[in-house]
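Lettered A, B and C in written order, each chain numbered from 1.
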Amino acid sequence: MWKTFVAWFHRMGSPKWFYEITGRWIPWFAAAAVLLITVGTTWGLAFAPADYQQGNSFRIIYIHVPAAILAQSIFFAMAIAGGIGLIWKMKVADMVAKSCAPIGATMTFIALFTGAVWGKPTWGAWWVWDARLTSMLILLFLYFGVIALQSAFDSKQSAARASAILSLVGVVNIPIIKYSVDWWNTLHQPATFKLTEKPAMPPEMWMPLLVMVIGFYCFFAVVLMMRTRNEILEREKRTQWVQGLLSEKG
Amino acid sequence: MQELLSGQGLACERDDRLLFSDLDFKLHCGDVLQIAGPNGTGKTSLLRILAGLLPDFDGELFFKGQPVADDPDHFRENLLFIGHQPGIKLNLTPEENLRWYQSLYHPADTDHIYHALAQVKLTGFEDVPCYTLSAGQHRRVALARLFLHAAPLWILDEPFTAIDQGGVKEIEQLIADHAQQGGGVILTTHHNLSLPTELNVIQLGQSHQSETEQA
Amino acid sequence: MANDANPQLAHEKQRVVRREDGVRTSSWRAFTGTLKRDLLLVFRRRSDIVNPLLFFTIAVTLFPLGISPESDFLAQIAAGVLWVAALLATLLSLDSLFQQDMADGSLEQLVISPHPLAVMVLSKVLVHWLVTGLPLTLLAPLLGVMMFLPDDGFGILFLSLLLGTPTLSLVGAIGAALTVGLRRTGVLMTLLILPLYIPVLIFGTGSVIAAVNGMAVAGHLAIMGAMFMTALVLAPLAAGAALRISLNG
């Protein structure tokens, strides 16, 4: 078991192998993403019961919550990939980490945007210093930092390593930031409405949410693989197999 | 002679450009090894790899037969590296500069610092701030380290920069003496070295293939 | 450059050094050596100490001018303003933490010295705190008077800064190390580090506000202590790793 894992791990390190295997995976993940997101959206928007307090405006959580979950997961994924690249000098891991950052930032932005849209009817303001939204905003800053650092280096290797360190530092900080923002929030304004922390959501409400979360993960996997494949082609363009691939496609 | 530093299958790629590959070399005690080649062929990169400043390379390095990666601190204790920049603080005096350097390797010993500065002809300049000294004198302060820290392995990147003719002769003599006493020296220079001892040369930048040859 | 006039001495010296070669070099000595050198450097350029303090003072002055000089209002925002200004002053002064060493080549010597790079980083961070964080902490109560900080807040303002500014220096060192090799850093380092400062700011300000409101502050200080310990252990490692990357170019 362990041996096959190690063998797999090493093969993942080969850009060519990664390119080929993900080429086969993408259609499956894409199909799953489309199916799950379609089902989840329809279910959540049309069939799930309206919230007894917030009415229909609560339905935005079917986008907001998956985006927020993804935003955090992607940061962790980016740090783990970066760490692997840093320790085992694995180029593919560097490329995965690099591809994560813009996707994560986009997800964070979606979470913030949907939060604002939800805030308008609920609080009557586009922006409220809600603990969750504030944490998201700081997460967005962290993403911007990683992206800015990546583009500041001339050498791709140094860029990958430096941003790996920054994302690892960020991962250590995220729980601390979350904790302190939560604490700060309860101190300053005990919010009457929270976007998600409701008392026991009924299954008709959280089932579509679950479907959406899984759908978002599949979507992330597809985009990540596509971005990484692009990155691989770009960086490995001098190698024979990429040359062969290019001439094949004409 | 005992083997001091050796490399096997060294290869370095910088920003998608292959600087050198399959480079093997052996430096024995008493050897002087010059890294030669036109600009941009990776001389400085190779020196920095050997000094442990550049971790991006393929192949393996051995210090006295043991992989450097196994005990990097042992290797570092035995290494004296002088890079492009002399590593001198302009707001400090030569003595203060060397006192810091000494603290990295040895207990404080002011006599020893004065002695080292005397060796590089900086007697009388011990207590003046370095910004009043010339570029050549900065180099000399850096070179005074050769007397402070008796490491067997010297790696010198362009040690003759900004040094006058007489100084060049003295440094050559110093290198020869070090080799004679069983030390090893690896250096780059555009200057034609005249050493009493045999000079080994690694020629970089020859049709992407590098080889060790005896000059 | 063998000094012919004194060959005997030269040989003696060589022998002395050779004998010491058996002894492992001491990282503590390297730590204090670097500490002394950097303190001496600061002493030679005393303006480096004064500039962050001036920035701190001017930045705090802007708030009454920009918002309102009314004492009740200022008293309310005093803790936050003082903390934010101190944080920015620390951050701006950190930019140059490794720059000089990088430019003159002494950073290379630190990296190839037989000591853990984290220890060397710690030495430089300690100097930075001694010449920036500590003076800021000492100056803060004075500016607190200008900001009409309530009496109960002074002690805790001082204490929280005393505990918080070392964390700021440590975390900021990571940013300084990550950006030191870049040609144009601009505001990049600020961008990287400011989000990481938020927890320190929250608890720093929070503790002063709690004290002013007559609430217990031990919890705040404990959390700030915990953050300091975490930074003390992890930040030098991260900054050391970042320095190696920066040297790579």
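Here, a contact is a pair of C-beta atoms (placed from the backbone, for glycine too) under 8 Å apart; a residue touches a chain by one contact, two chains touch by 3 or more.
The structure displayed is predicted, hence computed values, not measured ones.
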- Item | Chain whose averaged C-alpha position falls nearest the assembly-wide average | C
- Query: Compared with subunit A, which chain's mean CA position is the farthest off?
  - Reply: B
- Query: If you count the C-beta pairs in contact for each pair of chains, which pair comes out on top?
  - Reply: B-C
- Rounded Å distance between subunit A and subunit B, as computed from the means of their C-alpha atoms: 48
- Item | Rounded Å distance between subunit A and subunit C, as computed from the means of their C-alpha atoms | 34
- Task: Note the residues in subunit A that touch 2 or more other chains, in rising order.
- Result: 154-155, 157
- Message: Touching at least two other chains at once: which residues of subunit B meet that condition?
- Response: 56
- Which residues belonging to subunit C are in contact with no fewer than two other chains? 248
- Touching subunit A in the complex: which residues of subunit C? 174, 178-179, 181-182, 184-185, 188, 191-192, 194-196, 198-199, 202-203, 206, 227, 230, 234, 238, 241-242, 245-246, 248-249
- Query: For subunit B, which residues count as touching subunit C in their complex?
  - Reply: 51-56, 73-74, 76-77, 79, 81, 83-92, 96, 99-108, 112, 115, 118-121, 129, 140, 143, 147-150, 167, 170-171, 173-174, 177, 181
- Message: Quick check on the complex: what are the subunit B residues that touch subunit A?
- Response: 14-16, 56
- Please give the residue numbers of subunit C that touch subunit B in the complex, ascending. 1-3, 6, 9-10, 13-14, 16-18, 20-21, 24-25, 29-30, 32-34, 36-37, 40-41, 44-45, 100, 103-106, 108-115, 244, 247-248
- Of subunit A, residues touching subunit C in the complex: 86, 138, 141-142, 144-145, 148-149, 152-155, 157-158, 161-162, 165-166, 168-170, 172-173, 176-177, 179-181, 183-184, 187
